[in-house]
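Both complexes below contain chain A, partnered by chain B and then by chain C.
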Partner chain A sequence: MSAQPVRPPHHNWYVLGNYALLIILAFVFVFPIVFMVVSSLKPDLQLLRDTSSLNAFLPIGDISLNNYTAAFERAPIGTFIFNSVVVTTVTVVVGLVINSMAAYSFAVLRWRGKNTILSIVIATFIIPFEAIAIPLLLIVNSLPWIGADGIQIGWLNSLHVQIIPFLVSAFQIFLFYQFFRDLPTELVEAARIDGASLFQIYYRVIVPISGPVFATAAILRFLDMWNQYLWPLMVVQSERYRPVMVGLQYFFQLDIAWGEVMAYLSLVTIPVLILYLSLQRAFISSIATTGIKG
Partner chain B sequence: MQSKIRFVFAVLAVMLVLVGGISAQEPTTLSMWYHGAGNEVERTILLGIIEDFNASQSDWVISLEEFPQISYNESVTAAAVAGNLPDIIDVDGPVMPGWAWAGYLAPLSLPEGTLDNFLPGAIGMWDDQVYSVGLWDAAVAVFARRSVLEANGIRIPTLDEPWTGEEFDAALVTLQETGEFEYAFDPGMAWTGEWYPYAFSPLLQSFGADLIDRSTYLTAENVLNGEAAVAWGEWWQSLFARGLAPLTQDGADRDTGFIDGRYALQWNGNWAALAALEAFGDDLLFLPAPDFGGGSTIGAASWQFGVSASSEHQDGANAFIAFALQDEYLAAFSNGIGLIPATSTAAAMTENYAPGGALEIFFELSLQQAVLRPPTPAYANIALAFEKAAADIANGADVQDALDEAVDTIDADIEANNGYGFGG
Partner chain C sequence: MSSLNTADRLTTGVKQHENIVGWLMAAPALVLLTVFLIIPFLMAFIFSFTNQRLISPNPTQFVGTRNFTDLLTLRVFSIDPILDENGELVLDDAGNPTYPRLREFTRNNPDYPELDGLQELTSWSSGNQRVFLLSSDVVFIRALINTIIFVLVIVPCQGGLALVLALLINQKLRGINLFRTIFFMPVVVSMVVVALLWRFIYDGDNGLLNTLLGFFTFGALQPVDWLGDPYTAFPALMVMSIWQAVGFHMVIWLAGLQNIPESLYEAAGLDGANTWQKFRFVTWPGLRSTMIFVLVIITMQAFGLFTQVDVMTRGGPLDATQSIMYQAVQRGYQAQDISGGSAISVIFFFLVLFVSMIQRYLTREKSA
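Moving on to the complex of A and B:
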C-alpha cells in the first residue's frame, strides 16, 4: 500500500479561501433572483420597507400569491409569453441552421471572395441596431406577405416581423466560424474521400461535434430575442403580438406595483433559467474552447 | 290597371332596396390609441365611454388599442414614420406641439363652446389652434403635516398667501434643525425624465426665469441663464449642499419617505395625495408652491386626445372627442384614477374635488397657478437640457456653466430646425 501524498499545510486554507470566494460570488449572483422571487410574494408596502434590511431576501411577513393573481389580471401575460416563446424559438432554431451553414461555408469551403465577404459580415458588428432600426422599419413596412387574408403589403403587427429580420446574425456566423475553423481538417477530408456531399459533411460530421458552440449560440440568441424591446415597440401596435419585455411596461403606472413587477419578472425569467440550466454544461465547454466570454 | 300595380310594386321594390342598402351600411371603424395599458380602472372607464359613443350613433365605431405609457411616444413616432397612425391619438400635453409641428396631428373641430369651462392646462394649443384636449389635469403641491408646522411655529400658507421664498427656506432650515427628520424636504429626486421640467421648472419660473423666451420661442438666452435663473440654480444647489434635501433617492423611498416620517415636507402630485391622506387624515396639508418673487406657480397639462392628420375620418374622430368631454366622463375618470377633472362642473360631481372635498385645493391650484410648459416643438429637447442642468447643479456643477450649456443645447436645436416654425 502506497503512502498518501502529504499536502502542504497551506493547501487547506487555499481551498477554503477559494470556496469562500466562490460562495460570496454565488450569493452576489443569486441574491437578485432570490430578492425578485421573495418580493413577488409580498404586498407593495412591505416589499418597499423590507428593502432597507435583510428581510428583503426572506419570505416573511404577509406572504401570498396575490401579486401573481393581480399581474395576470393587469396584463395578458399568457399572450406575451406565448409570443416571446414563438418568436424566440423560431429565431433561435432557424437561425442556428442558417448561421452555422454560413459559417461552415466560410470556414470549410473554398470559394472566391470568401474572405472579403467574411470581413464585410464581421464589419457589420460595429453598426448598432438603433442605427438601422428606422430603415429596417420602412423596409418591412413595404414588403408583401401572404397571410390568411391573401397578399398584403407591410409586415407590421405580426410575429414574423419580429422573427425574419433577426434570423441572420453576424455575431453567430462569427462564433460558428471560429469554432469550425479550429476543427481538425482531417475529418472533413476523410468525409470527402468517402464521397460525402457538402451538406452531408455539414450535417453528419460538423454538426455532431459542435454541440458546445451550438449551445452557446442558442443561449446568447435566446437572451437577445427574449429581451427584445425596441424593435417590437416600433413594429407591433397590437397587444395580440406583444412580447414579454414590452409587456413588462404594463406594470409601470404612476404608482408602480412593485410586487406585480416582481411576479411578472419571476414568470418571464423561468424560461431563461430553464434553458440556461439545461445547456449549462455545453455552454461552459464552449466558452472554454472558443474563448468567447459571454 | 295591372301596369299601375306593377309600377307601384316597382317603386316599392326600389325604395326597399334603397332603404335596405342604407340600413345595411356598416358603421366606419375608427382606430384609437391610448397610453393606459395595464391600468384596469382607466381601461374600464374608457371602454365605457366608447361603448356609450358606439351606441349613441350609427356612423362610427371606435376600436381601442392600448399601449404602455412609458413607451407610448416611441410607438407613435415609429407608427408615424411607417404611415400607420390611428384616427384618434392620445398625446401628452407638452409633447403635443411637437407632434402637431411634425404633421402627426390635425387641429380639432369641436362644437362652439365645448371648451368654455375647461381648465387651461387641459387645452392643447399650437399655432393659435386647439389640437388636443384632456379630460383631466394634474397638479403638484407641498405635502405637509399641520401638527409638524404648528409645533415648529411655521406659518401655514394659503392659496392667496403662499410662503415667500425666504419663508419656505427658513421653514426648511427650522424643520431640519429639529433632528426629527432625515431631510426637511423631498423634492422627488428618485423621479427623472419629465418630472424635472414638470415639477422643478415652476420653481425656476417663480424666480423670474423660464425655460425659453416665450416672446419669440427662438432662444433661451438670458432667460434660462440670466440672473434670475442663476439665483434659482444657487438656491436649488444649496438645498442639497445644506443637507435639506436628499440628492439621491430610490423609488421606494420616494413612495414611503414622507408617509414614514423621514421627510417633513414633500413636493408631490395629486396622484399621491390619497395615500398620504390615508396615512395622516386631517393632519395632512396640501400647500401651494412658495413664491420666490415671480409668483406661486405649478406645472400643467396631462394626457389629452387629438386627431391624426392622416385620418380619413376626422369628422368621426372629432365627434368621439366631443362626446368624451361630457362632465360625467370627466368625473368618472377623476373618481377612478384620482386626477383633476377638467371642468368645475365635473369637479362638483366627484368625491374628492367637489367643494369641501379632500383634494379640492388641487383644482384651485390648477385653475389659478398652472403655467404650461413651453408650447413649442422644441420642448422635448428643452426638457432634456433642463433635466441635465438641474441634475448637474444639484450635484455641485457651476450654476452658470450648467445653465449656459443648457441654453446652448436648446438654441442649437432650435436653429437646426429653423425655429420650429417660429420667427417667420
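Moving on to the complex of A and C:
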C-alpha cells in the first residue's frame, strides 16, 4: 500500500465527515444481509411484523433456530449443498487447468491459425448463457454418457450436465491470456534454452508465478457456479441432483413460510460469506492485480 | 527442399513440434467451447429462420425472416378524424376531435393488410390527425427499449459510483480495510438471494425501505409499492443491481488508483494544482485502461439482465421491467417457442456486437 498518494494532514472535521459517510455507506451495503440473518431466527408472524420497524435488524423477541430445523425437515438441504459443492469444486478445478492451458498456448506458443482462433474465442465472450440455453438443452439431451448402467443417451438429471458445459469460459481464457502475455518473455526463453519441454514450461515456470490470476479465475467461477439457477432449473427435475439455488423452490409452495426462506437463504449464503471474510485480503487483491491489465 | 541444412531442418522440426503442442494444449478448451457454446449459438441462428417448436405435430420448415419481422416491424399510421355529413369535425364532450377505433384498421381490415395484427406502441396528435406508432410485438419492443435504458443508466451510475467508493477507500484512514470488505460483500451473495431479500425491502405494505424512509423523514413520506408501480419498478430494479455489483468495480478502480505513481501527484502539487485539478489531470488519465475494462465488463453484465427480472417482477407491472434476455427465455423455454426465442437471441447478439464495436472505436488509442 506504499503507492498510495500522500495527502496533506486532514482537519478533524474532514476526517469525521469521511467516517460518517463511510459508516452510512457500510450500513447501506450490509443491511439486507443483517436482515436476512436476523429474520432467520424469528417466527413468521414476528418476522413480518418487525419489517415495519427497525426491529427488523435486531435479534430480539422470540429468537430460536426453529426455522433451521423446519427447513431441514422440509427439503433435503444436505443433498442440495453436497451437489453444489461437487459441481462447483469440479468445475473450478478442472476448468482452471483447461482454460489456463489454452491461454498459455495462445499467449506463449507459436502455432498456425492461433490468432484467428483466439479472436473467435474472445468474440464468444459476448454471448450470454441465456441466449444459448435452449439449443444447449437440445444438445445435452442427445449426448451419450457411459454410466454405471452402460451407455445411455441424454445427460438430463445428473451432476455432469451441470459441470461439463461450464468447464470452458471464454472470459477465463481471456483473463489468463492477458496475464501470461504480460509475463517477461525472458522467463520462457531461458526455460527453452535449458531444454524444458513446452508443457514443462507451462507447469514449472508459468503456473507457479501466476497465483493472482488463478485465484481470481477460481473466485469468479466459484461464485458463478455456486449461484447457478436457470440451467439446473431446466435440466434437473430429480431431487437427487438439485443444487442449492434451485432448492429454494421447496420454500415457495402455496403457503410461504418466510422464516424458513430466510433460514435457507442464510444457509446457502453464510458459508460463502465466511469463505470471503476469511480470504478477503487475497480475494480483493487478486481481482485487483488481474483487473488492471485492461 | 533437399538443400535444407541441418540447422534449418532442426528449426522446422521444432516449429512443427510447437505447432502440434500448441494445438494439443488448446484442444480441450476448443472442443468444449465448440460443442457447448459455438454449436448452440449456430443452432440458435438457424432456428431463428425456422418455425421450430419444442414439441410440434408439424415438420420444421424454413420461414425466412418471418420471426424477425414478427418481432421488429414498426409502422407509423395516421387516422383522420370522424367528419359528419357537412364535413365538420365530430367533437366529443370535451371538444376534442373523435377518431375511428384503431382496431378497425388492424383487425382483419382488407383495405389495410399491412396493418393486420399490429398493436399500438404509442400515439400522439398532429393537427387534426391522430398518429400511431404501431408494432408487431409490443412486449418485445418494450423489452428492447428497457434493456437499452438499463445499460445507459447502469454503465455510468455503477461505474461512477464504484469510482467514488474507490476514491473514498483509497484514503489513508484507520480501519479503511474494514469498509472495503463491507462494500465488496454483496458481490459474493447470489443474485437470486439478493433479489429475494430486496422483495422484502421494496414491499409496499411494510417493506424495509418504506420503514427506513418513514423513520428518517419522521413519517412524512407515504409508503410506496416500489415493485408494484410501473413508474418505480424499473428504477428499483436498477438500484438493487447497482447495490449488488458496485463493490466489484470499486476493487478494479482501486487497483488502478494504486497504480498511479505518487510522484505525479507530488509534481502536480508543486505546480499548485488543487484537488480537482489533480483528479482531472493526474488521476483520470492514469485510470484510462482501468476505465475501458470497467466499461466493457459493466456493459456486458447490464445487457444480460435476467435473474433480477425473473425473481422479482417477471417483467411486470405492465411490462415495465421486461428485458431482452427475459423474453428470450420466456418464449424459448416457458412457451417452448424455440424459433421465436432464438430470433431474440440473434437480435441480442448483433445489438451487443454493435455496441462493443462502438465502444472499441470510442476507446481506441488515439495517436497524438
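One rule holds for everything that comes next: the second predicted complex is superposed on the first by the 262 of 294 C-alpha atoms of A that agree within 3 Å, B and C clash if a C-alpha of one lies under 4 Å from a C-alpha of the other, contacts with A are read in each partner's own complex, and residues count from 1 in each chain.
To be clear about the criterion, a contact is a pair of C-beta atoms (placed from the backbone, for glycine too) under 8 Å apart; a residue touches a chain by one contact, two chains touch by 3 or more.
These numbers were taken from a predicted model, which means no experiment stands behind them.
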- Any idea whether chain B or chain C touches more of chain A? C
- Report for A:51: first if it touches chain B alone, second if chain C alone, otherwise both or neither. both
- Partner chain in contact with A:134 - chain B first, chain C second, else both or neither: both
- Message: Just to be sure I read the superposition right, which of the two partners does A:32 touch: chain B = first, chain C = second, or both, or neither?
- Response: second
- Which partner does A:183 contact after superposing on A: first (chain B), second (chain C), both, neither? neither
- Item | First, second, both or neither for A:280, with chain B first and chain C second | second
- Task: Report for A:261: first if it touches chain B alone, second if chain C alone, otherwise both or neither.
- Result: second
- Message: For A:249, using the defined touch cut-off, is the partner it touches chain B, chain C, both, or neither? Pick first, second, both or neither.
- Response: first
- Message: If we overlay the two complexes on their shared chain A, which of chain B and chain C does A:234 touch? Say first, second, both or neither.
- Response: both
- Just chain B (first), just chain C (second), both, or neither: which does A:73 touch? first
- Message: Just to be sure I follow: which residues of chain A are touched by chain B in one complex and then by chain C in the other one?
- Response: 48-49, 51, 134, 137-138, 234
- Item | Residues on chain A engaged by chain B in the complex (per definition of touch) | 45, 47-49, 51, 73-75, 134, 137-138, 141, 154, 156, 233-235, 237-239, 246-247, 249-256, 258
- Query: Considering the complex alone, what residue numbers of chain A touch chain C?
  - Reply: 1, 3-7, 15, 18-19, 21-22, 25-26, 28-33, 35-36, 48-49, 51-54, 56, 98-99, 101-102, 104-106, 109-112, 114, 117, 120-121, 124-139, 164-168, 170, 173, 198-199, 202, 223, 226-227, 229-230, 234, 245, 248, 261, 265, 268-269, 272-273, 275-277, 280-281, 283-284, 287-289, 291-294
- Message: Touching residues of chain C toward chain A in the complex: what are they?
- Response: 15, 17-23, 25-26, 28-30, 32-33, 35-41, 43-44, 47, 165, 168, 170-173, 176-177, 179-194, 196-198, 200-201, 203, 205-208, 211-212, 215, 243, 247-248, 251-252, 254-256, 258-262, 265-266, 289-290, 292-294, 296, 300, 303-304, 306-307, 310, 325, 328-329, 332-333, 338, 341-342, 345, 348-349, 352-353, 356
- In the complex of these two chains, what residues of chain B are touching chain A? 33, 37-40, 65-71, 74-75, 78-79, 81-84, 250-252, 255-256, 260, 271-272, 275
